[in-house]
């Protein structure tokens, strides 16, 4: 069984006067923070507050670019060409890096958000566009990909370091895909059940599926959600249960020297 | 008399389906391009097209951050605290740097736009906020300031290289301020008159004013506008007239090694 | 002492994935709802849900236009001419009326939001611009104004019905102005204290001030806030206390026939 | 042969500092103006200027709602449910009606824009959503539909008056669909050729197709584009040629009493 694992969460998703989730509470629980970049959510003030707090707590920073669609929170596929995606992603990563510099912090990896992340999981062309954007902005950036998806080889082919994540509260299909959010059983709402599944998985790297046999998945990180009611409680339960089983929590990226 | 001068223009100010000015024509005339960063204008596609074209022509690239107010084109003062300005400016510079990296280009300096630029000219606190943002993003970035304004000492105090610009088509007051756009005589619409004034100024570094004696101004660059009708023709006239008087056009920043 | 009073609150201020306040709880307490129109907050989905719920509960509907500035939540003065304000307000009222029609509901009055409302309170020109916009859209719309401000005569001069509101949780100055939010004592956070002050005021129409003698104010409605923590609890306390003293809650506008 | 026809064009598509097309020139040529409503283009200032100018010239006003996607100019399908489309369309029509009221003008019909219009042409559910939104806002509004498409029966079923348009510069397929913009021959760039085709069509109501025999189409209006280079010249040529053949230009809607 693994000795160490990373916990990541999508944070910095407030906007102007509107708050999303409880970032301060989540930053006390996770080891990596995927910070929205002003596309699907966030603004310079939110980015700054999030990276400053994450940095103060030693949480590793990632950029979390998504479709520039606040009303849809980046969960709708906006028709864009691959070069358009490449430029949008580069602009968003750069934006977060600019704000992070102001907070004396460093962006270390990139994880695409929502509909863009799902498209990149299945579509090698989109995955390569994202990898090209990441690499152009900085070859030192890693990519955090959904385990078993197209973004892994695309990033590897671009010469980028790649890490893989599984989801704490999403059910899987035997194809390796997540069960779509609108289908029954897609979400695991019970914290104890989520923790049980993770512990079983971490023991043998086999993920149970809703429609068949467990599937092998690689995992450097577990994604815990931060934007729903009960998100903090679930993250807490998972952290406590995993710690009790002997796991240590550490970012998949070593701290900068 | 000077032997060399820089010509700069505000470019990359299109947005989505809307075109502003004739960037291709202006990029054939200027030596430095102030590129909008998605705040008062532009978007990732426009940024990319502008930096790629500027880079191909050897035009030096600057970031041109402004208030995030497309409807007002960054010409309205949006009430913001100095820390808010600092974060907005850092986010915008970073965004352009991200897209520039994708085009294999480098952002070399920063010039604030419109109402933000005017505020930074008069208000030392705002000027220092901008300088702090620039320096945090990269100490290698220079600042292009309106000659004789608060942004010059603020940038110098931050340890940044500073260059000064005068305007080809804007009249001056004896206070050193530009005549506000809504006052008679504010704009010099006649290309020949603009060129005459510049030639006289470049001879003795004394700028004629609308309300008194000429004032001494330092100038590393002349700003020619790119967004109005007749902008290209005026820039062309100025370039031809200055060249005829023996001036060479060269960016105030040496090309990167 | 009054026998009836209206309670109004700013509602429908969510946006896309972001929730503001607890509209369902507030709609059970108020008799008039000021619904955001897509300027400082809201979107067609939020408008629809809010007007449908308000209508189902018999709560009178008002439009709550504000500066088109979501990041600033309409609390920043955006420099605009009076004709620009007029057109912005007309567009926002129209937008809400369109959505209300879809829900089988009717917009009955207009109350300007935030910085726009404060400007209209002091500036007769802006107040008249808003009144002209309201009247052009429909002469049947009333105006809900901060008691004792410029918006009252401006609306009256335009031939519109005008009603006046006082604030449950904001302290007053002897000039009749609200104490600015950033000054000590501006907000009355204690529900019991707020209820006590209202009961005293309703008894004699004299409002206590922070810096002098009580001032006479007319009041057809009491504004209770819906967007802060504890907002629902304060509204509940006020409603219970006022009811206990014999007041009935009724909109300042009669229900449509 | 017809004695009268309407000419319509998509106008009011400027935004903030950016101008689209030459609305003043087009308003001198058309009899109906489809005015953008702040979704894919426009803002309150642009709406006001456009409706005021159209009204002064006796041009009939229509609302031209589109996806709320300025960067994509409403030409991208944004994934939305039918109720979401219904509410978005109602909000946009209402917004234009509010501004029109301020200009003393009346919105008389609705024509959906771009990707929304194309979707409504093929998809009966979306067409019905739009018709429901139109009817809810006002039963007196007519619908202007692409001839031969789903929006015609959907609007008729909702009890709305429906008028049909053909395109001056778009080629047709034998299915009745427009040739997609990205296929060769989709656009008729030559004004004379466009006028010839229209004259032939107006003679027998049969539209030539790129891939087969002419198809019968009903036409109350001809759509001439206003947003491209050469748009005014083409509209002028068409108007002159049709007038020379004896056609009068008149809106499909009678002027209001």
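Read from first to last, the chains carry the letters A, B, C and D; within each, the first residue is number 1.
Here is the rule we go by: a contact is a pair of C-beta atoms (placed from the backbone, for glycine too) under 8 Å apart; a residue touches a chain by one contact, two chains touch by 3 or more.
Only a predicted model underlies this, so the values are computations on that prediction, with no experimental measurement involved.
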| item | value |
| --- | --- |
| A-C or B-C, whichever has more C-beta pairs in contact | A-C |
| Interface copy of A-B among B-D, C-D or A-D, judged by whether over half of the contact pairs recur | C-D |
| Approximate Å spacing (C-alpha centroids) for the pair chain A, chain C | 41 |
| Averaged-CA centre spacing for the pair chain C and chain B, given as whole angstrom | 44 |
| Chain C, residues touching no fewer than two other chains | 71-72 |
| Chain D contact footprint on chain B (complex, rising order) | 14-20, 41, 43, 70-73, 227 |
| Chain D partner contacts - residues on chain C that touch it in the complex | 38, 44-45, 47-48, 84, 86-88, 90-99, 101-102, 104, 132-133, 136-138 |
| Partner chain D, residues of chain A touching it in the complex | 68-69, 71-72, 76-80 |
